[in-house]
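Take a look at this one; I'll ask things after.
Lettered A, B, C and D in written order, each chain numbered from 1.
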Amino acid sequence: MSHNTFGHLFRVTTWGESHGPAIGCVVDGCPPGIPLTEADLQPWLDRRKPGGSRFVTQRKESDTARILSGVFDDGDGPVTTGAPISILIENEDQRSKDYGEIARAFRPGHADYAYQAKYGVRDYRGGGRSSARETASRVAAGAVARKVLGEAVRIRAGVTQLGPHRLDQAAIDFDVVYDNALFAASADSVPAWEAYLDGVRKAGSSVGAIVALEIDGVPAGWGAPLYGKLDAELGAALMSINAVKGVEIGAGFEAAALTGEENADEMRMGDDGRPVFLSNKAGGVLGGISTGQPITARVAFKPTSSILTPRRSVDRDGNEVDLRTKGRHDPCVALRGVPVVEATAACVLADAFLRHRAQVG
Amino acid sequence: MSHNTFGHLFRVTTWGESHGPAIGCVVDGCPPGIPLTEADLQPWLDRRKPGGSRFVTQRKESDTARILSGVFDDGDGPVTTGAPISILIENEDQRSKDYGEIARAFRPGHADYAYQAKYGVRDYRGGGRSSARETASRVAAGAVARKVLGEAVRIRAGVTQLGPHRLDQAAIDFDVVYDNALFAASADSVPAWEAYLDGVRKAGSSVGAIVALEIDGVPAGWGAPLYGKLDAELGAALMSINAVKGVEIGAGFEAAALTGEENADEMRMGDDGRPVFLSNKAGGVLGGISTGQPITARVAFKPTSSILTPRRSVDRDGNEVDLRTKGRHDPCVALRGVPVVEATAACVLADAFLRHRAQVG
Amino acid sequence: MSHNTFGHLFRVTTWGESHGPAIGCVVDGCPPGIPLTEADLQPWLDRRKPGGSRFVTQRKESDTARILSGVFDDGDGPVTTGAPISILIENEDQRSKDYGEIARAFRPGHADYAYQAKYGVRDYRGGGRSSARETASRVAAGAVARKVLGEAVRIRAGVTQLGPHRLDQAAIDFDVVYDNALFAASADSVPAWEAYLDGVRKAGSSVGAIVALEIDGVPAGWGAPLYGKLDAELGAALMSINAVKGVEIGAGFEAAALTGEENADEMRMGDDGRPVFLSNKAGGVLGGISTGQPITARVAFKPTSSILTPRRSVDRDGNEVDLRTKGRHDPCVALRGVPVVEATAACVLADAFLRHRAQVG
Amino acid sequence: MSHNTFGHLFRVTTWGESHGPAIGCVVDGCPPGIPLTEADLQPWLDRRKPGGSRFVTQRKESDTARILSGVFDDGDGPVTTGAPISILIENEDQRSKDYGEIARAFRPGHADYAYQAKYGVRDYRGGGRSSARETASRVAAGAVARKVLGEAVRIRAGVTQLGPHRLDQAAIDFDVVYDNALFAASADSVPAWEAYLDGVRKAGSSVGAIVALEIDGVPAGWGAPLYGKLDAELGAALMSINAVKGVEIGAGFEAAALTGEENADEMRMGDDGRPVFLSNKAGGVLGGISTGQPITARVAFKPTSSILTPRRSVDRDGNEVDLRTKGRHDPCVALRGVPVVEATAACVLADAFLRHRAQVG
């Protein structure tokens, strides 16, 4: 996790701005011999890509990924070679327009002011580097990571809270997430949530949400204490997703109100001679190392900052202004955040897998 | 953040086990010319050290830090030289005892099973490397980080929720934290909280808590998007503290229920010609970069896993056992976590400061 | 320096294979506000590009670099924004051909066998990732690094030994290097060297060479002892260039035969009140830190491994074969290595500059 | 390789100054389950420690290493646990003396001026951090690395050139190196070399030397192209040793004078069905990856900078001074550099081994 690279061994470097000619990433450190084509990337990108429903931005991007390096077909189909995999996605719908007001004014809730303060210059076209468009690169990298992990590791996420509407734990069903336009982890909630989000959308407003993540199939032992703890790495990677303001593992913030008795995940011997946990307050991670239980996390997204309601702000010249953000925006940025959460987790896990293999064999 | 090192430029490597001869750290990358003696470290260590009240472990450790390298006195008092600063803290109260049961059985909620599964061997004496004793090294490193940051940056934390008892936002007062044995961020709450925690303690139980963090004085511009975002780095570092299960920045998980209008921190021009934010839902970080507002975060600690109530578990040989953890333990590990949270944040900020200076000058 | 990324703060990640669709790099960590366009890259790429004389490969590549991200024109011309700079160079002359023999046989002196042994798969088309074509990406990155360093730092290299023909120290003149087809650091040597290399070339043979490097204008203080010493970083980066087998700094291997008296660079006070060194056996680096003297190094290149003379080898199937390498090759790969050495040094120095600024301000 | 840490997965952080209370290192990332006690470290430290003959400094140090963490004895003897291994070596013979002149004046050839220029402060006692005393820490770390590598990998070095006296390639015998006080790789050379070095020593002078390195038993496939090439990593690590001014791999600088025909290491099939190289100009590394051949390198050491002959210099106050370095010094610093070269190579290889295992399994 340094500048625009994350990962220690499975390393992903992303680049590109919202309204530049293209975005992309370089995935380095991938094991060799893994079958990989662009067709392996596209389904995941399609889940994140804009324009799929009225609940996401109407920007038109095919998000077609091209692999420019790192795979080779020696007769049995393209496989990774161990060399860096460069993936490029062209920007297709960077509308030429007058950025007049936004070029100088700082949109509240956006990174505009912070970028200007840090760098003294900023690419204000669609948010430039700070745009969530970057997450397409992560999704592409995550697709590679999934291939490294193999099918035994299953990574699933879904919206479990939309604004004030929260699913009961028992209602959560990750299998339905990509079957509804809200990426909701419950089919039953969809009609009411759609009605609610339609209201938000028509009001030119936006709303936050919580995305839950569940990972099955990670064996006990991944993670590198103390500062490369699996939960710390997941925490950092998820927190680095646009609009994320909180991450919790297992019982998370609710653990603060538990007693030691309630929080202890007791163990018994399973039929296969391996320990079985009787609960999963730990969220599959103890001491920074996976326990073999499902890894569970929840990620809080703030509402999209771009709204039609005018907000008070200032500009680069010190003027006070009122700003409303026109254009194409997601009423709830967390929705398309679901595949991003999954992809980010996949990258963290692929890295943890390789690091574990390095140290322990 | 790699294995036992954290930081990119201000780099802290810690080492040592709970019941070994000593613990310590190496702080590398420190700027030269900063006055530094052991007296600068000790007050912070004293805040974390055990034995200070009935609410913390009765293990007796003076936690006396020795500086073995990296400072030099050329006549005007010891200053940092730019070379690595090695800090050593001897373990003094590693009671010689029979670890018989714990040597083989996995204590629920502890890292025992995960370490065994990963490494095939574990130092079970007091939790070995996974013991919270390691946090003394962080606190020492954090004291150095504070010197790097200078007095303009003020880092304060305190307990704002103890088990089910939560402070109102308005009641939070970080100035009283080190004046009460509970590290509570409200003097008024102390009597009731003490009574509550006495009950927990006498029952041989434990409870979780939430520690709030507030950092003033960080100028706009620190942080390195996209994967070295200031909030991502803070998230990882705080999540790497023992027993932490969740981290949120600014409005955090509550942001999920906000609308864009509510979440937008509006801006006006201040009298000094600099922008003023009218709220701080962002927690002082936008796009991964500090905005000049106070940086606010909350950290969820799970309850201490060591409790007197027997819990079901298994051992290395596949036997099912009932375990109760005797010995000296904190009824709420979050209390002494307060100076650890501060120190960890200090290290992250010192690193962010140096990285910002590198790129932007 | 990790996998395909080098640098700590000024970080360059390269990707691409000799006969893939493109090669490129991502330059991350660049300071903001530096004017940068493709026209700043092209002159350096032109120096390295193939086809310029009969002494280099006849592969036809325009080596046109496109900048895809990280610069923005806010009205005063494009400047760096602090975001990653993605540079793409399309491969234009990847001849479609039958790789039959090379696909299975290991060319002596090439990385074929090592790649196959490591990865179990290799892109054999033109050497794939191990081809010197990758160095075009370094040269592009080096052009960015030069902008970071500014004009005060002057980096020059040239061939000072071609096969058995070695220049006297007194004859070395870096100003003529790009005025002759041999990149020779002496105009006088060119006619004889051309005649010699013509003989090598017509014989289908190849020859090694030494490239000297001299860097002026680096102030005292750059470098990060002990393991990020400036000479160690230069050593690693230069050694990572294709075909390089040795690196020496200052007096280098000759220092082994010197006495302490001969090797000591004595100092006097200069007219400007700053120390002046009376010699430069150290090559501008002491204790891993620049002294303000010119930084001098020499780099040994082995001969191009691709030659027409058949060499004995084996193939993937365990057969013994005789191999001659047809196709377009440089008779002396060190020639086009000159701009690569310069670019690599520029990247190391830009990184050292930022790191020094971080720690010392 | 960053500041005072080297390695990516097998990571060594060293600390300490020549005349401070102690020096030491933290070895992180070590695989678990490896038997390790202080007795495994001491023989290697004894080879490097001062006072062993009239040809090395008369400083008295037992160089006794203590292991403070990272090993645990669960009944079958101490083994590594995967946690960081902290090693401490007390300084015993830091003579209390008046550093008056050296405190202000810059000794030619030493790092004094460079450190002062960089940091504005320096620990001038015995060279402080820049003293070769640091190499004891490397040797301790190298002993751990050797345990990671196992006995199949054999790392040997020896002096092959002492001042102007150079061994023929055919005369080199690494088995005798630790049987003579000169660490010479030829028993026959010892009498003449001793007479020569006695003369140097009695004259209060010093001389440089070349140390050759040969590593057997590394399988094909280690190394991580392109910027973590095995030879680049070795080059950096060896170049970071005090007084080293040059590193070459295989034929090294002589490769510059070779033709492609001469340089090609031809291959045939061996009786065991694996390729056999007919020569080793490559020094066991092609394309940055080991080939299975012995890895060969040569390292040039400059003469010890501390000599009795007065040299012209300047001091911190701008005065011109004449300096002679009294005290205890090695007439040829390369001699004790032999175990340091070996240890440094061991660390690089242990890291390469883990990285290879990570990516390829």
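We take it that contacts are C-beta pairs under 8 Å (C-beta built on N, C-alpha and C of every residue); 3 or more make two chains touch, one makes a residue touch a chain.
Since the structure is predicted, the reported quantities are computational estimates derived from the model, not experimental observations.
When chain centres are set by their Cα atoms, the one at the greatest distance from chain D is A.
Chain pairs A-C and A-B differ in how many C-beta pairs are in contact, and the one with more is A-B. Centroid to centroid, with C-alpha atoms defining each point, chain A and chain C lie 38 Å apart. Remark: chain A and chain B have CA centroids separated by 26 Å (rounded to whole angstrom). Of all residues in chain A, those touching 2 or more other chains are 2-5, 8, 14, 29, 32, 82-83, 118-120, 129, 360, listed in ascending order.
On chain B, the positions that touch chain C within their shared complex are 8-9, 29-32, 82-83, 225, 354-355, 357-361. Against chain B, the residues of chain D that register as touching in their complex are 2-5, 11, 13-17, 20-24, 26, 28-29, 32-33, 66, 68-70, 72, 74, 79, 81-86, 88, 103, 118-123, 128-129. By the touch rule above, chain B contacts chain A in their complex via residues 1-6, 8, 14, 106, 108-111, 113-115, 117-120, 129-130, 134, 161, 163-164, 200, 205-210, 220-229, 231-233, 235-240, 245-269, 273, 275, 278, 281-283, 285-292, 298, 300-307, 309, 311-314, 318-320, 334, 356, 360.
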